[in-house]
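Labels run A, B, C and D following the written order; every chain starts at residue 1.
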Amino acid sequence: MAGFDKVIESPAAALDGLQDGMTLIAGGFGLCGIPENLIAEIKRRGTRDLTIVSNNCGVDDFGLGILLQDRQVKKMVSSYVGENKLFEEQLLDGTLELELTPQGTLAEKMRAGGAGIPAFYTATGYGTLVGEGKDVRQFNGRNYILEESITGDFALVKAWKADRYGNLIFRHTAQNFNPPAATAGRITVAEVEILVEPGDLDPAQIHTPGIYIDRLIQGTFEKRIEQRTTRTAA
Amino acid sequence: MALSREQLAQRVARELRDGYYVNLGIGIPTLVANYIPAGMQVMLQSENGLLGMGPFPTEDEVDADLINAGKQTVTAVTGASIFSSAESFAMIRGGHIDLTVLGAFEVDVQGNIASYMIPGKLIKGMGGAMDLVAGAENIIVTMTHASRSGESKLLPQCTLPLTGAACIKRVVTDLAYLEIADGKFWLKERAPGVEVAEIAHQTAGELVVPKTVPEMQL
Amino acid sequence: MAGFDKVIESPAAALDGLQDGMTLIAGGFGLCGIPENLIAEIKRRGTRDLTIVSNNCGVDDFGLGILLQDRQVKKMVSSYVGENKLFEEQLLDGTLELELTPQGTLAEKMRAGGAGIPAFYTATGYGTLVGEGKDVRQFNGRNYILEESITGDFALVKAWKADRYGNLIFRHTAQNFNPPAATAGRITVAEVEILVEPGDLDPAQIHTPGIYIDRLIQGTFEKRIEQRTTRTAA
Amino acid sequence: MALSREQLAQRVARELRDGYYVNLGIGIPTLVANYIPAGMQVMLQSENGLLGMGPFPTEDEVDADLINAGKQTVTAVTGASIFSSAESFAMIRGGHIDLTVLGAFEVDVQGNIASYMIPGKLIKGMGGAMDLVAGAENIIVTMTHASRSGESKLLPQCTLPLTGAACIKRVVTDLAYLEIADGKFWLKERAPGVEVAEIAHQTAGELVVPKTVPEMQL
């Protein structure tokens, strides 16, 4: 690898340096736009005591849920974790910790972490359990709480297209948490469906500039659907 | 008679205005999309990053990369835009959504809302609800007036952990349309055929009843 | 105008409601990507005592600089104002106020204003004149200052393409401050080069979603170049 | 002999590494782009929203919509990306730029830098300089060692309003390459033909001189 070519040949090499006890930030919403290949590799490696920052924790046998099977996760920072029996078991037996964070606050914490903003005020959560113990301050007569940003040892994201320099484009709502997550990793790894050459993407149409991406792999994707809802064609 | 879920959605739909950007929560709020008045344009925001959510796809159109905040496969309407979760909640938190409709377990006379957590039951999380109630100027809560066991959900003070404090001003239940102001529920409309006495009986928080209470138009 | 069609026929109508003493946020960097048509209309209307939040203040006879000719500006909030003689004169004779704000802080203040974040911490300006009188707080052993967000009565932006719903695409570096500015106006007006129909733009490739845009006009543009630098073709 | 502007740029260019994202300030720093070592890839960030700034355009290529932070018409290299000012400074503030090179009026032994304002002269503004010095881990200041009137610009304490506090660790002047640590300037290299005594004479802040001071490689 020379210059700005971020392409790594294997998921194993892409997670080089991943250790027990680290904090990972993962993109995705439900099972949509999740880094499937890197999650599988974490399971294969058996890395343990992970803190994972991700809006959801997958389902029992797909997405981040598969890391619960071997109890690799110590703590989740999420806004919604309802789709998962193993999750419930481990939460109840006390082996899994959960830090519930409002969805918008979670996205903004990642964005702030990547943007060098250590903390910001938000009205979200004021007067609720989320606001307990946090600084409160009034601006223009309204109460806001201070939320601190999040960064991770690794950030794992999934994109649709990328050039070798790591410039990313996401497809439809598979974008979701991936752009803010990508900015917040000390090491950010992206897995993509389609790899193109630098110059193939319009510079003004890149969702995540390559500066945020340290390593890039081309993956294969199941893209499981959580709620397949359809209408009858008219 | 108490409104059906579909009728609740119809009543809420009467609060839509042409050109509104609207976020509809999971459950009854989702049904509101079926009752957008003819000739009116409304754009639905889904907080996972879609402005301009369309109907469910046909079998042929199903795309794992195009879902809504309920994780259902959806479509995008003409003129839609798609963006990151950070941008989506910037939009929500910044007050750019014209109307937010969501369900609740409880609402109280201070405009507090509890909708995400019942202690002792599994905590699933607040998702985007805390951001939505904190960010929107204009929120409608829609829910049944009482729980299945008959306990009022319109309280002097919420008993469950709050989703948001002092943020709810309007509630549409299966019995009535009420506004919240000055630490009271103000009865504005009753469901067709429902007596004011029944509403008063089912409302635990202080209720102000005007001389005449019109029936809801659906 | 019905539904989401934001198109207004004239610059005059696009600034309906603009009054003396208001705060305007304007996109643009130097003379690049500035709302030329709306600036000209403000000059024509003669609105006075304006506070203008914009990275720069144009040059003597182009861009925001033309509003100095009739002393329409009371205060500028900018990061750099070096290209303008009238500006210097009015600053020195005390009729113009200047609030110098670091460029990144200025962009983030607009973005925060549009995103419902009343204030954020940044290391930028700590220990300098910019930090004087502002709250200081340590995070992870480093000092940060608290900066409050900015919103305006109007935000004026310039885009390249837009559909009638106000979905905007910017061209090259004419993007600059326009996206954050667009989010921070109570009323946001966009002027564009090319107007297309809804559906003509790829939903995932829109820089500024139409929800931020209240009024839209198609303009004509001089696009003056401030520093024409060239190389000899090889 | 004191380095020329071009030589200063050459010395700074030796700090570049393959794959670096670099922000070059106006003036001498801009010249560094002319001395990127052969076979090395460096991507230039321009804080108005361009990552991958290329050379000036030919007459035919000039485009008013493609400029750099100095408001000069430029080009974009293959693999460039373009984004908003908010995103650009998120990148800068978040420490994602590998190297920032900028000029200064003064630097002191605490790593403070003054570069944007001379009281009594017209205030033009700090532009992005305060964000750049606060955001970058790795900053090189390049300037003449002394002012035209012969006064040292490497001081015990800056006299002009600061651009940033305690953020500068490396300085390349026309006389020397120095590092700043523990409240002192550490002399690391001298310009070809320049005596240590000359450097010491021109350095007002405390200077640590090692036994041997190698000559700069350009």
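The rule is simple: a residue touches a chain if its C-beta (ideal position, glycine included) is under 8 Å from a C-beta of that chain, and two chains touch if they have at least 3 such contacts.
Computed from a prediction, not measured in an experiment: that's the story for all the values here.
Within the contact network of the assembly, the step distance from chain B to chain D comes to 2.
Of all chains, the one whose CA centroid is most distant from that of chain B is D. Here C-D and B-C were compared by C-beta pairs in contact; the pair with more is C-D. Rounded to a whole number, the gap between the C-alpha centres of chain A and chain B is 29 angstrom. Chain A and chain D have CA centres that are 35 Å apart.
Multi-chain contact residues of chain A, defined as those touching 2 or more other chains: 108, 111, 115-117, 122-123, 170-172, 175, 203-204, 207.
Those residues of chain D in touch with two or more other chains are numbered 76, 82-83, 89-90, 92-93, 134-135.
An unclassified topology is adopted by the chain contact network, corresponding to no line, ring, star or complete arrangement. Listed by label, the pairs of touching chains are A-B, A-C, A-D, B-C, C-D. Every residue of chain D that touches chain A in the complex is listed here, in rising order: 18-19, 21, 40-41, 43, 45, 51-52, 76, 78-83, 87, 89-97, 134-135. Chain C meets chain B in the complex at residues 2-4, 111, 113-117, 163-165, 167, 183, 198-199, 203-204, 206, 209-212.
Residues 46-50, 55-60, 62-68, 70-74, 76, 82-86, 88-90, 92-93, 112, 117, 122-131, 134-135, 161-166 of chain B are the ones that touch chain A when the two sit in their complex.
Here chain A touches chain C in the complex through residues 108, 112, 115-123, 137, 139-140, 142, 144, 148, 169-172, 175, 203-205, 207, going by the rule given at the top.
Across the complex, chain D is touched by residues 29-33, 55, 78-82, 88, 91, 98, 100, 102-108, 110-111, 122-130, 160, 171-180, 207, 223-233 of chain C.
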